[in-house]
Structures are given as structure tokens and as C-alpha cells.
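Please find the structures below.
What follows is subunit A paired twice: with subunit B in the first complex and subunit C in the second.
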Partner chain A sequence: MRKILSLSWVIFKEISREKIFYGLLFLGTFFLLSSVILQEMVVGEKFKVFKDIGLLSPSITGVLFITVVGANIISKEINAKTLYVILSKPISKNGYILSNFFALILLSTTIIFLITLFGWLFLLINGENWLSGFVTGAYFLFFELLLLSSISIFLSTFLSPYLSMITLFIIYISGHSLSNAIQLSQFAKNPPLQYFLKALSYIFPNLELFNFKINLVYNLPFPKIAFLYSPLYSIVYSLIFISLSFIVFSKREL
Partner chain B sequence: MKRNFLALIIIFLTLPLIVFFNVKSSFLSKPNPDVYLYLPSGNYLRTLSMGNPSFLGDLIMARALTYFGSHYYQRGYKYEWLYHLFDVLTDIDPYNKESYLIGARLLTLVDVNLSNKLLEKGMSYHPDYWKIPELIGFNYFYHLKEPAKAAKYYEIASSLPGHPPYVPSLAGKFYSEIGMLEEAIKVLRNFYETTEDKRLKEDFGEQIEELEQKIRERREKIPARVTKVFDGDTFNLIINGREEKVRLVGVDAPEIDEEREKVRLMGLLARDFAQFHLENKDVYILIDKQGRDRYGRLLIYLWLPSMVFFNELIIEEGFANVYTRFYHPYQKRFIEAERVARERNKGLWGFGKEIPYPPQDAIYLLGKLCAIRFKVQKVYFGRSVVYLQSSLDWQRNFNAVIFLNDTGRFRKGIKEYEGKQIIVRGFMKKYKEHPEIIVHSPLQIEENE
Partner chain C sequence: MIIEILNISKIYKRNIKKFYALKNLSLTINKGEIFGMLGPNGAGKTTTLKIIAGIINPSSGKVLIKGEPVGEKTKWLIGFLPENPSFFKNLKARELLNLVGELFGFPEKKKEERIDELLKLVNLERFGDEKISTFSRGMVQRIGIAQAIFHDPEILILDEPMTGLDPLGRRMLKELILSLRDKGKTIILSTHDLEDAENLCDRVALINKGELLNTVDVNSLFPDTYEIVYVEDGRIERKIRVKEKDLWDSIEKIKQNNCKIKSISQQGKGFLEEFYMEHIKDTDLLI
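And then the complex of A and B:
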């Protein structure tokens, strides 16, 4: 286990030095700052736009990060043939998958932390301390990204980086839209479509379980059990996808 | 090195060109579309927002406000898409309370009924937010002039937490205005019992007492129903199931069967006033000691359901004189009322001196003698009346109405008013949601080029 963790640390340090990491941090911060313009154009509750964007920004940045970096994280080492160096060390294929997974989680946590921190500070400067909202948002976002990381690792064990990127993005979109689309399909009066969407929703992860932005922004109550249920949901999914990655990666001829 | 130097020069020379192109290329940009045909329903957009409806809501709100703002100085612009925009916005993000209020306030410029529709939608999502029913109440009272509905919504607002004291106070005011004094007391008492503020308690206590006094007064009077208004001071009433012709004590309204055109007109305007307040209404009366006059009419004092003393009101508003031949206990009050009315040019005393208003303000002049300046878009001949229409858009129409039997008094053909700018003077009333002035005489129309 120590070997796995130390390898994760190495991967973490390596990627955190890459341009894409800073680029995304910059993008997230820029997005936060842009809320000043939108706030001017909207009437209503005073800090609503700051809160909306403060919650949206880490989520977008985190997802982009996992899509781009997660898709490359394994294939890059295969292409650069550095993988052989690592695997010739006493570390198993499974251990290698795990260390990549942990590194990805560590990196996305860093991104969530930093951008949420910026968002909180930004709102604080503007005159409201909304720590509870940001912390809750970050809490759920962490588990959403945990789930996405595991899927990303799984996809990158057998797909090319571009294909894996696109697939992950589709999963992300459908994960947020399916529950809504099912409700809408009732208006369409098209039973095959409804069954198809229902069937999809049984397999695809429902990412709306991690999305309480509306509730946080408007201070609407949501069931407290979500604090336990959503993480559990995420962990179960991750276990499945990581196990699947073990199987696929072990079968892969390098 | 030399080659790099050349490249640098090229870059420096072309950089201003790029700026120039970027500045100048605006002629190629697509015009900003005003039409939101492509903005799909909120339910679909919410799905597309991938779990960020609140943020998408911000963007659409910004768009809606720029749409409104960019046409604000275009007079008479109709903002056809404003309702759609706010409807979509509140579908996407139904929890933003403010968007209902903002949308509704802007929509009153388009159509007050749409404004209320948006607010009703807001009420279904935020049943415990007092500002929404309060705004509906305001729309009914201010824009639509329906105090009964206004009272109902102010009452709803006053049953919700956080409302300021003026809400129950207004609910009480509107209820008492339409004569529902018991309801008024109920609303006021609710607030009276829950408030802790001493001064408010005192104030509301006084208001309740006043209303209770009115109810006591009302019990001493005879209920009646007005069936027909002959002129400003003579009506038919049903009293205890019997129809009686009555006359107001101490009031002398101009006669309507006069030869002189001006006096006849005054009489008809006074009748308009009485009709507006009395026709088909339940009222309360007291019969004078004298009983009947020489024409057999019952001599009465008349109160509106809100306990407004009508004999005094019609003098106070300048639609009748005091009749001083016989003594009665209110004589002094009436004389003073007439003096004030005459001094302030109220009602008929100020006929011909009214400041003309544009037709879209007509609804705010309900129940008043006023003047409207407008261009006659169309002269429409109906079965029994002729309409001089201020607009072809029926929703915002104000009409001047001439009864067919009065058309003979117009020396000039009525059709000739079409396309002309005129000032119409008369008594503003409402007929089927639309404000109108009835033109009894050519004296009421003044051509204004």
C-alpha cells in the first residue's frame, strides 16, 4: 500500500506541474470573476449570481480536468513507454491502477479546494460570508468527481484518449439530464422512448444526486440523508468501475 | 537573426491592421435577434442546463432585462416576448422569487392580466411569500380597478408571515370600500391581535372601532336596491320588496330634459355619476320626515354599502347643487361641501377646464369627469352605439361612445372624426374591462389639430 501511495504522490506532483492544471485553475478563477458582469445585468437577490457561479465554477473546472487528464493518465505512460519502467518495479498492475486513481482524486480535490476557496473569498470581499454553502457544495462535488474519476480510469484502460474523453463527457451530460429527460418524456407520449430512457437510467450513474446547488442558493431544505446516501452511491459505483478496470487492464497486453 | 528581424517587423506592422479589421468587421456581424421564437420551453432548457438551472436562469434574466431595456424608449413598443421570456425563466428556475416580481412589474406595461398570470404561477411555487399576492392585489387595485379582488389578495398576503402593517390595512380599506365591513374588521383584527407594536395596535384598534360604528349605523338604516337611475337625484329603489321612485333630500342635480344643450349635458353627466355609484347596487336609506314630495316621490337620505353618504358625496364631487328650499339637519354640511367643490373646480364646476390625458391613462381616471386626447383610429358603427376607437388593438382600447339616438345632435357626420385628433370630455366608466366615455352631446368633443 505504501508503494501505491508513494507512486500516487509522484503522479500528483508530476501532473500538478503541467500547464493544463494551471490553465484550468486560471479558467475557473476567470469564470468566478466574470460573475461581476452578470451580477450587474440581473436584478434580484443580491449575491445570487456570485453564489451560482461560485458553485458552478469548481464543478466545471473539476469535470474538465478529469475528462482531459483522466483520459490521458494511463495511455500517456503507455505511449511514452515509461510504464514498463514502473511495472518492472515491484508494483502490480492493479496497484498501478489504484495509484493513478488516487492521484486523480487528490488532484481534483486540490482543484475543488482552491476554486471553492477563491469563490468564498470573492463573496467575502463583496460582503457575505457563505461558508456553509460552499463547504456543502464542495462536499457533494468531491463525491461526484470521485465517481467520475473511477469511470475515467476505467475508460482509459481500453479506449484511446479522445474516445475516452468523449465517452466520459456523454456520461456526464446524461448523468445530469436523464432524470429530467424521463420526466419530460412523459409529455412525448412515446412509450418506446420512455422505456429506452428508463433502461438507460438504470445503468448510467445519476449525477443529480450530487447536485444540490439550487437548494443551497435558495436555502431550500433537502433530506439530510443525502449527506450519507450520495457518498455511498458514489463509493459503490467507484468500486465497480475500479474492479472492472483491474479486469480489463490485467487482460491487456502491453 | 536577420530573418527573425523581418518577422518582427511584419508582426508589428500587421498588428494595427488586425485591430482595424476587428473594429471594422462589425458590419459583418449578425443583427441581434429580437424574436425569441427559438427559445424553447423552460422544461427542455432545464434539461439542457445539465443541472445548473439557476445559472441558466441568471443568463435568461439578463437577456430579458436587456430586451426590455433596449426598447424602453420606443414609445408604444409592445414587448411581445416579455411574457414568454419570464415564463421560460420561471420554468427553468422556479425558486427565484424575485424573478416573478420583476417580471410582473415589467409586464404591467404590456398587459396587466399577463402580469397576474405570472404572479399566480409564482404563488403556486411560493405559497408563503407575501409579496406575490400583495403585488397581484396592487395590480387589481391600481391597474384594473377591481377593489373586490384587490381586497381578496391583500387578505391572502396579510395571512402570510413577514408582511408589513400596510398590507392588512389596505385589505381592510378595500373591503370597506366595497361595503364588506365585516370582512374588513376580520382582517384588521387578525393583525391587531398578533402585533406587539403598541402604536400600531392603537391605530388598528381605532380603525376597527370606526368600522364597528359604521356597522351599527348601517343596522339602523333600511336596506334597498337601486334598479334605475333617472338623473342625478331621482332613482327607482326596491325597498322591502316594493319598487319606489325616490328623490335625494337636499340635492339638486341638473335636469336632463332641458332645452338648453349645456344644461342637458350637465344633467346627463350627473346621471353618469349616479349610475356609476348606484346602479344595481345594494344601498342603505333613511326616509325623511316630510315623506313624499308633490310628485309622490319618497324623500330619502342614501348611503353606499361602505357607509359613504351619497347625498353629500354627489355635492362634494361637484355633480349637483345644494337644494336649500326646505330645512334638513345636514344642510350646513351640504352647503360647505358645495363651496369647497366650487372652489376646487370639482366635477361639473370644472367642466371644460380638465387637463387632457392620453388614452392609455383612461383606466386611472375611472369615476372621474376628465378629458382624453386621442387620434380616432376608427369610427365603428355598432347596433345601438357608435365607437370612436383610440386604438385598433382591442386590449388597450379606450372608446368614446355615442348612442345612435344622440347622433342626430351632431351637425357634422360622425364618420368625419376618423383620423382626427380630438379631445373628449366626460365621465369615465368601465364597460366590459374597457374604459369609456359616453358622449351625449357635441359639446363634449373638441377637435384638436
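And then the complex of A and C:
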């Protein structure tokens, strides 16, 4: 385990020194600051806009990070042949996959923490302390990014960087829209479409299980079981994707 | 023998077509020798080295290292420098070596000492805290050598190690290879440079299209040549091969440099280049 964590830490350092990492942090902060302009345009309580954007910014930044960096984390190292040096050392291919996965989680957590912290401070300066809302939002976002990290690792073991990014983006969009699409299809009274969407919902993970932004911003109730169910869903899904990554990577010609 | 390569084949699939990178290759490598692998591009040298290093598996056959099949256990015995090595570019040289120390489970103090020792050995002690992305190709090659020998392995695999090195770097590496051999290490060297192979290797294998064409004792290839073994600075053993007409001049030169001649022996028949061309000329080169 020490070897896996050491390699994770090195991958974390390597990626956190990339310009793209700083660029994404800057982008997330820019989103936050954009709420100042947006709240001028929207009728209603100004804090609602701050809160909405405050929860959306780490989410967008985190997902962009996983899509741009995570989706080619393994394939990039295969192409650059960095992994020849690593795999000639006493660390297994599975250990190598886990190291990359842990590094992605660590990097995602850093992004969530920093942007959420900026958001909280920003709102605090403007006169409202909404720590509980930000912490709850960050909690669910962490598990959503955990799941997306495992999918990105899996995709990058066998797809080219661009294909991997596109596939992950499709999974993300589908994961957030399928449950709504199924509900809407019931009104359309089109059974084949309903079956098709239902079948897709079994393939794509349901990312709406991690989306309670509206409930938090408008102080609407949501099932408390979500605090347990959503993480469990994310962990089980992640275990499946990481196990699949082990299998695919063990057969991959390097 | 320290390495036994037993009838290994490696098949890659390109679309539906199968491509043999190695075809029933068998070899043995003895402990303490410098073993050269020669052959044109795409001959299968790198594939063989990657299999020995445990990075890829053969499609059939097996490789034994000290009687043990290649696996996690044998990685402790091997140091590997890939061709055109690439490392995490945002890491500093010291951080890279630190990672290698961690992967080999070195205790903190011993690891730090080893890092200092290696940075000095490869002449990078002033650049330990510099990012690898700022290094020249030769410097990257040198840090590559340092990571390969970090754990003092019994077997060192070097894939085209002279690539990108300036004359000084080449000399340093040659001396390092010879000093490691003197310490009883086994070195496997893949190279296109026949002069390097002549000067360094004890035996060479000629590979083409994934098949072993021949293995030969380098000493037996030299007609009208003599091998002079001498001791430099009272401790470093050196070996040179000279033609008969240059023998006395060379002996004089060695004596002038206050070196002690240990032995002079006459060599056998043929040159490495002739040997190489003899075997490769009839085959299609994959360049």
C-alpha cells in the first residue's frame, strides 16, 4: 500500500503542476465571481444566485477536470512511455491503476475544497454564512466525482484520449438526464421509447442521485437516506469500474 | 546462467492480422557478462528486453531469472532503462529518485543517501532540484541510468543507452557499465552501435524479424588482434583490443600512463561488423 500511495502522491504532484490544473481553478473562481454580474440581472433574492453559482462552480470545474485530465491519465502515460519505468519496478499493474485512481480522487478533492472554500468566503464577505449548504453540496459532489474518476480510469485503459473524453462527457450528460427523460417519456405514451430509455438507465450511472443543488439553494427537503445511499451507489459503481480497469489493463499490449 | 529465455514468442494483433514480434526465441545469459543484443529496427530486441523486465508477457514460452519465472519477485533483481526514457516531466530529479526508493521500500535515511550518491555518480548533483522537463536529452538519459541502478540490481537492462549522450556522457556510461561488470553484475545491452558492442560486450546475440540468428563470443571475432587487460589507478581493470601492428605502441602508451598490464592475449577470427552484415544482408531490413 505504501508503494501505491507514494506513486499516487507523485502523480498528484505531476498533475497539480500542470498549467491546466491552475487554469481550471481559475475558471472555477471566475464562475464564482460571475455571480456578482448575474445577480444584478436576476429578479429575486441575490443570495440565491450566489448560492446556486457557489454550488455549480466546483461541480463544473471538477467535471471538466475529470473529463480533460482524468479521461486520458493512463493512455497519456502509455503514449509517453512513462509507465515502462514504473512497471519495471516492484509494483503491479493493478497497483498502477489504483495509484492513478487515488491521485485523481485527491486532485478532485483539492478542486472541490478550494472552489467551495472560495464560494463560502465570497458569500461570507457578502453577509451570509452558508457553511452547511456548501459542505452538503461538496459531500455529494465528492461521491459524484469519485464515480466519474473510476469511469475515466476505465475508459483511459483502452480508448484514445479524445474518444475517452467524448465518451465520458456522453456518460455525464446521460447520467444527469436519463431519469428526467424516463419521466417525460411516460407522458408521451410511447412504450418502445420507454423501454429503450429504461434499458439505457441500467447501463449509465444515475448521476442525479448526487444532485441536490436546487433542494439546498431553495431549502427544499430531500430524503436523508441520500446521505448514505448516494455514497454507497458511488462506491459500488467505482469498485465495478476499477475491477474492469484491472482486467482490461492486464490484457493491454504496452 | 542467470537468465534463461525459453522458446518465447510474442504476437501482436494489428487489426485482424497477427504480427510476430518474437518467434520461438531461446537464449541464455551468464552471470557477470555484458550481453549485447544486435539487430535492425523492429528486430524484436526491445520486446525481448521488456519481457525480461516483466513489463509485458510473452504470448508463449517463458523467461527464468535465477530459476524463477519473471514476475513481481524478479523485478527486485532487475534495473531497466528503456529506449528514449520518459519520466513525469513536472517532477524534480530528486523527487523521481525518491519515488524509485519508495517503490523499492528503502528506509528514509538510506534513500536520501542513495539519491545523493547517484546524483553525484551521474553528474547531476547540481540539478537535483530542477524539473526533469528542463533537462537536455543527455541529462534525461543520465537520470534514467540513476533510476535503473537505484536498488543496486544484479541485472541491468539497457535499451539503446548511448542515445542522446555526448562524448563525455558516453564515456561515463561505458565506464559505469564496465565497473558494474567488474562488480559481478550482469548487463544486457541493446545497441545499434557495433563499436560499442565490440568494446563492451562479452557475447552478442543477433536478432532479426523476431528470430535469433546467432550468438557469438565477441573475443572470437577478432583476427590479428590482441586483447590487453591493464589496471588503471591501481584498481580499475580496463580491456582494449588492438591490431597486431599497433600492439607495441599501445603497450608503450599504457606504460606511459602508469598503468599495469595484466595480460595480453591473441584473439580469434572475424569482425563484429562483418559478422553482422553476413547475417543481416540476406534478410529484409525493417527500417
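Just so it is clear, the second predicted complex is superposed on the first by the 253 of 254 C-alpha atoms of A that agree within 3 Å, B and C clash if a C-alpha of one lies under 4 Å from a C-alpha of the other, contacts with A are read in each partner's own complex, and residues count from 1 in each chain.
What we mean here is this: a residue touches a chain if its C-beta (ideal position, glycine included) is under 8 Å from a C-beta of that chain, and two chains touch if they have at least 3 such contacts.
Predicted, not measured: the structure shown is a model, and the values here were computed from it.
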Side-by-side fit of subunit B and subunit C on subunit A, or clash: fit
Subunit B versus subunit C as contact partner of A:26, first or second or both or neither: neither
Which of subunit B and subunit C A:162 touches, first, second, both or neither: neither
First (subunit B), second (subunit C), both or neither touched by A:81: second
Touching partner for A:92 - first (subunit B), second (subunit C), both, neither: second
Subunit B versus subunit C as contact partner of A:196, first or second or both or neither: neither
Vertex subunit A, arms to subunit B and subunit C (CA centres, degrees, nearest 10): 160
Subunit B versus subunit C as contact partner of A:113, first or second or both or neither: neither
First (subunit B), second (subunit C), both or neither touched by A:222: neither
A:17 touches, of subunit B and subunit C: first, second, both or neither? second
Shortest CA-CA distance in Å separating subunit B from subunit C in the superposed model: 25
On subunit A, positions contacted by subunit B and by subunit C: none
Subunit A residues within the subunit B interface of the complex: 38, 41-45, 48-49, 52-53, 56, 172-173, 176-177, 180-181, 183-184, 187, 207-208, 211, 213-214, 217-218, 220
In the complex with subunit A, residue positions of subunit B that touch it: 43-44, 46-48, 50-55, 58-59, 61-62, 65-66, 93, 95-99, 102
Complex interface listing, subunit C residues touching subunit A: 12, 50, 53-56, 72, 75-76, 78-80, 82, 84-91, 95, 99-100, 102-105, 144, 147
Subunit A residues within the subunit C interface of the complex: 2-3, 6-7, 10-11, 13-15, 17-18, 80-82, 84-92, 253-254
